[in-house]
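Here the structure is laid out as structure tokens; the discussion comes afterwards.
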Amino acid sequence: MATGNLGIRIGIVLAALAAAAVLVALYLVFFVAPLEATMGIVQKIFYFHVGSAINMTVAFGVCALAGATYLVSRPMSARVASIADAVGIATAEVGVMLGAIVMVTGPLWAKVAWGTYWTWEPRLTLSLMVFLLFIAYLALRAYAGTDRFGRGVAAGLSILGLPGIYFIRVAVERWGGAHPQVVYKGGLTHPGMRQAFFASVIAMLLVTATLVLLRALIERRRQQVDALFLEIDRTTG
Amino acid sequence: MQAWRQFVAIVRKDLVVEFRTREILLTMALFSMLLVIVFAFAFLSDPTRARDYGPGIIWVTVLFASTIGQNRLFDRERENGCLWSLLLSPTGAGTIFLAKATTQFLFTVLMELPTLLLILVFFDLAVVRPGAFVGALLLGTIALSLVGTLFSAMLMNARMKEVLLPLVTYPLLVPVVIAGVKVTSVAVGAPVAEDPELWLRFLLGFDMIFAVATWFLFGRMIRA
Amino acid sequence: MQAWRQFVAIVRKDLVVEFRTREILLTMALFSMLLVIVFAFAFLSDPTRARDYGPGIIWVTVLFASTIGQNRLFDRERENGCLWSLLLSPTGAGTIFLAKATTQFLFTVLMELPTLLLILVFFDLAVVRPGAFVGALLLGTIALSLVGTLFSAMLMNARMKEVLLPLVTYPLLVPVVIAGVKVTSVAVGAPVAEDPELWLRFLLGFDMIFAVATWFLFGRMIRA
Amino acid sequence: MPGRTVELRAERVVRVAGRRHILRDVSLAAASGDLVAVLGRNGAGKTTLLSVLAGRQVPDGGRVVLTIDGRIASGTAVRAATAMLPHDLLIYPDLTARENLAFFMTLAGQAPDAGQIASVLDRIGLARDADRVVRQFSRGMQQRAALGRLLVSGADVWILDEPTTGLDEVGRRWLLGLLSDQVRSGRLVLMSSHHPSEVASCATRTLVLESGRVVLDGPGGADGAAAAFTRMDGGAP
Amino acid sequence: MPGRTVELRAERVVRVAGRRHILRDVSLAAASGDLVAVLGRNGAGKTTLLSVLAGRQVPDGGRVVLTIDGRIASGTAVRAATAMLPHDLLIYPDLTARENLAFFMTLAGQAPDAGQIASVLDRIGLARDADRVVRQFSRGMQQRAALGRLLVSGADVWILDEPTTGLDEVGRRWLLGLLSDQVRSGRLVLMSSHHPSEVASCATRTLVLESGRVVLDGPGGADGAAAAFTRMDGGAP
């Protein structure tokens, strides 16, 4: 990844695109998409809720890829490994942030739609587990500090996260549930709602990409600052 | 051949130490009994519903007790930095991993016997499908041992090992617990509409994929 | 005056170390959250009965989390044999005991806050009698801290500390848990015919008697 | 406290483990101004004897008596008058060196005094590392931090188990000088050692243990040390 | 294995903790027949250097190379050729001395041989206590048991961190003689020490560290030791 001006320039372009997409999505959500019949304005949560949820999954998938890259490249190339490491922490943090949005919007919506903040329902359980898994990733990173051993363990965890997510998904799907599946089941018939929905998903995707890129650049900078401090310590200490 | 001798030596060492101190098995067994008793007190309001919450209690107990056993097993390797004597020896990482996972599996199974007996008696449960009951426990215990061993070894020297271990492993193990509870519910004759075969196959798949994944990761993660 | 300074120094030391590592509070909070989640899985068959098993889950969680916190708190004193630096100093045994019990109480209360929030939200419980709810938790936590501190200190160097501690303390603490569950059931509006006042007074009496007894025993038991 | 005279007496002390004796009728009397070197082959019982004298182990037979200015002391007074440096250093690994010293000063019943602590840190050679947590210290640095505990304790009796362990040569010389000074200013010091040169340079008395029995209670100095180590020579390596 | 020639090379090894260096560009080459004494004040980096050479810590920069009969070894071969005795002894406290040795022989890839183990136990002076668990040993006895681990390992390179710690005088003399013998029979030994007399009696080379940097790489013997210790004199105690 470019860490000089190029990376930042890409970041600025992405940020601009994301901002535009967010404005478009907000417009479509609040002024074009119709008010839902039974839930009213509260249904607008849907567009943020689902967008965050999908992007959370994407972020965690990339995190696992970065983890695999880190473990494989570590003995061969310090540079590739530290870039993969930066991508790993960036995707995990952004993913957890998106997860937090899901975990706040979901229950708020649930209180209105189902009359309770939480039920032990498969989809909800799935997202909670995945969310916790990557919180564990962040905890590992936080306590490992810059220790390469701890980073390796965190990378391993993110890799195991993939089959983990698969098994959690299989497990929870086997026991049915109340969480809606309108999109995949071909619901969402109203064109206004459809447009708003896709716009919000794309906007969230752009926001996610921007945040990940910037966070990874920050991490690279931090790595470089550490290297500079070490260089000073090496020549003077 | 040499790897086999090393494997046997590591497992035997842990068994000898355990036979001498009886620490881990006693810890696990007593802890799980206390757990069962506390559960009994906390939920004893309605004994007729034992079949509903019995399977849950079984799996919660197995999960916690195996975590505790795992912690103690690796505390032993941590004292005097002993795990390093394994890692710095010419023994292969895969051998070390399989040996530790095997010990962990043996200890967990040994702990489960008295605990299950206690739960079945205390909560007055009858096992109507013993095959499914035992199968779920064995497959589940293998999963716990694999995931637990990988991360206990990794986190052995982490400052917050005791938090990090459950934090890291429980989300991965939740599907195992879910599947276990389902099969066990059917096995004790609870009126649930579940297909135990399906869940058992699920557990088998989990075991196979995680056996390969953990075995592979162990070497990569531990010898940087 | 000198005893007071020593008391403050010991409590402050534990808080400084905790602030630096955040180990114990995180361990307790995360462990109890995991406990709650696992309970939820295990008992999720009938969410409408949350008021029945909610109080049980609250007290089991508090009991286990406080045991774990206690273990960690004394692990810290065990590293480098540090408790000996307290015991061999001219600090009075009573001062040491009260300081450690106070720290333990503080940690347990801090851990209870997020955990209770989680339980109330997850299990959708409403506290209809907040006074009784908080009173039972505070009095119960005092009891756990007194009994736990006494025996953690005694058992610190025992080989099987982690088993022995619950084995010794839980039988003493079961009445506290029972009383706590009763009061909490009333406090969350479960349809039980219990007088919370009575149980609260029981908890108060337990605390007072055990405060005197543990304080007295600590000095006798630890400096033989 | 300076100016007091203390006397430490062990009267037929016995210590057993299972069905074996670790200490067999060990008697000993030492007073302010003595520096007693406790000597013996590995496993002779030195650590056990020092622990009993410091109150960390309770004798299974016989007794230990401490008199201060001729009066038998007990309880708090004994503990205030004694300080021990054992193998396991009794310092808190997650506190800094400075925090450890302040804490131990308070425990010893004195108000912590920043100036005194700074000067002790300087004397033990940890001025530069005073605000790092002890866990990160090298072995010798930890030994130094533990020595600081004795310096702030104000105790009349110092009991040290192989105190030069891990110290570098300069540190060792400094420590032996310090102990001599302490003894001259009226402290009673008991220490174990395996090094003839250390014993020769500062001990005023030597006590040789063999299988938990006192086999020699002789003078210090170069001659005393030579005699003691000759007594221990031979046998298995 | 006897008859092989090994060479251990450190090339500009760097080790960091946070933003400080523990080792700064440490280079070193030693071969069969060398006994390198690694010296330095407390906190100089001796333990860290030895750990890196033994493979217990991974260098953050530079590399460690072991060649056996001129060919670069890797993985299992390196571990089979190296044995380490660190501060934390790496022996199982709940196994007896004899069981520990048998276990480590198997790990090293040899069939445990009761006769050889008995003779090693005799040499390390634990024949009488061979069947007691190590936990009950005194400090010096534990050190002896850990030395036994090296003797059964069959390694070509011995790396020892302050190996005379806790040994009594007879044991120390025996150990220094043993190390000299090992070196003469073609082993490569690296050890740290704070005692000029130990270094003088057996080292063939001295390496002085200061703040993680090699400041002297000189000869062994009495003169070499004297020069090395003079280099380290002065500064804080």
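Letters A, B, C, D and E name the chains as they come in the text, with residue numbers starting at 1 for each one.
Heads up, the rule we're going with is that contacts are C-beta pairs under 8 Å (C-beta built on N, C-alpha and C of every residue); 3 or more make two chains touch, one makes a residue touch a chain.
Note that the structure is a prediction, hence the values are computed from the model and not measured.
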Per the touch definition, the chains contacting both subunit B and subunit D are C, E
Mapping subunit D onto subunit E via their CA atoms needs a rotation, nearest 5 degrees, of 180
Outermost chain relative to subunit D, judged by CA means, is A
When centres are defined as mean Cα positions, the distance from subunit C to subunit D in whole Å is 39
Taking each chain's mean CA coordinate, subunit B and subunit C are separated, in whole Å, by 27
Cα centroid separation, subunit A vs subunit E, in Å, comes to 49
The distance between the C-alpha centres of subunit A and subunit B, rounded to whole Å, is 31
Where subunit C touches two or more other chains at once, the residues are 21, 37, 41
Residues of subunit A that touch at least two other chains are 125, 132, 148
Shared-interface residues of subunit E (touching two or more other chains) are 58
Those chain pairs meeting the touch criterion are A-B, A-C, A-E, B-C, B-E, C-D, D-E
Given the complex, residues on subunit A that touch subunit B span 71, 74-75, 125, 129-130, 132-133, 135-136, 139-140, 143-144, 148-150, 152-153, 155-157, 159-161, 163-164, 167-168, 170-172, 174-175
Seen from subunit C, its contact residues with subunit B in the complex are 21, 23, 26-27, 30-31, 34, 37-39, 41-43, 45-46, 52-53, 55-57, 59-60, 63, 68, 72, 159-160, 162-163, 166-167, 170, 174, 177-178, 181
In the complex, the residues of subunit A that touch subunit E are 145-146, 148, 226, 229-230, 233-234, 237
Seen from subunit B, its contact residues with subunit E in the complex are 2, 5-6, 9-10, 13, 16-17, 20-21, 76, 79-82, 84-86, 88-92, 224
The answer for subunit E against subunit B in the complex is residues 54-56, 58, 76-77, 79-80, 82-84, 86, 88-95, 99, 103-104, 106-109, 111, 133, 149
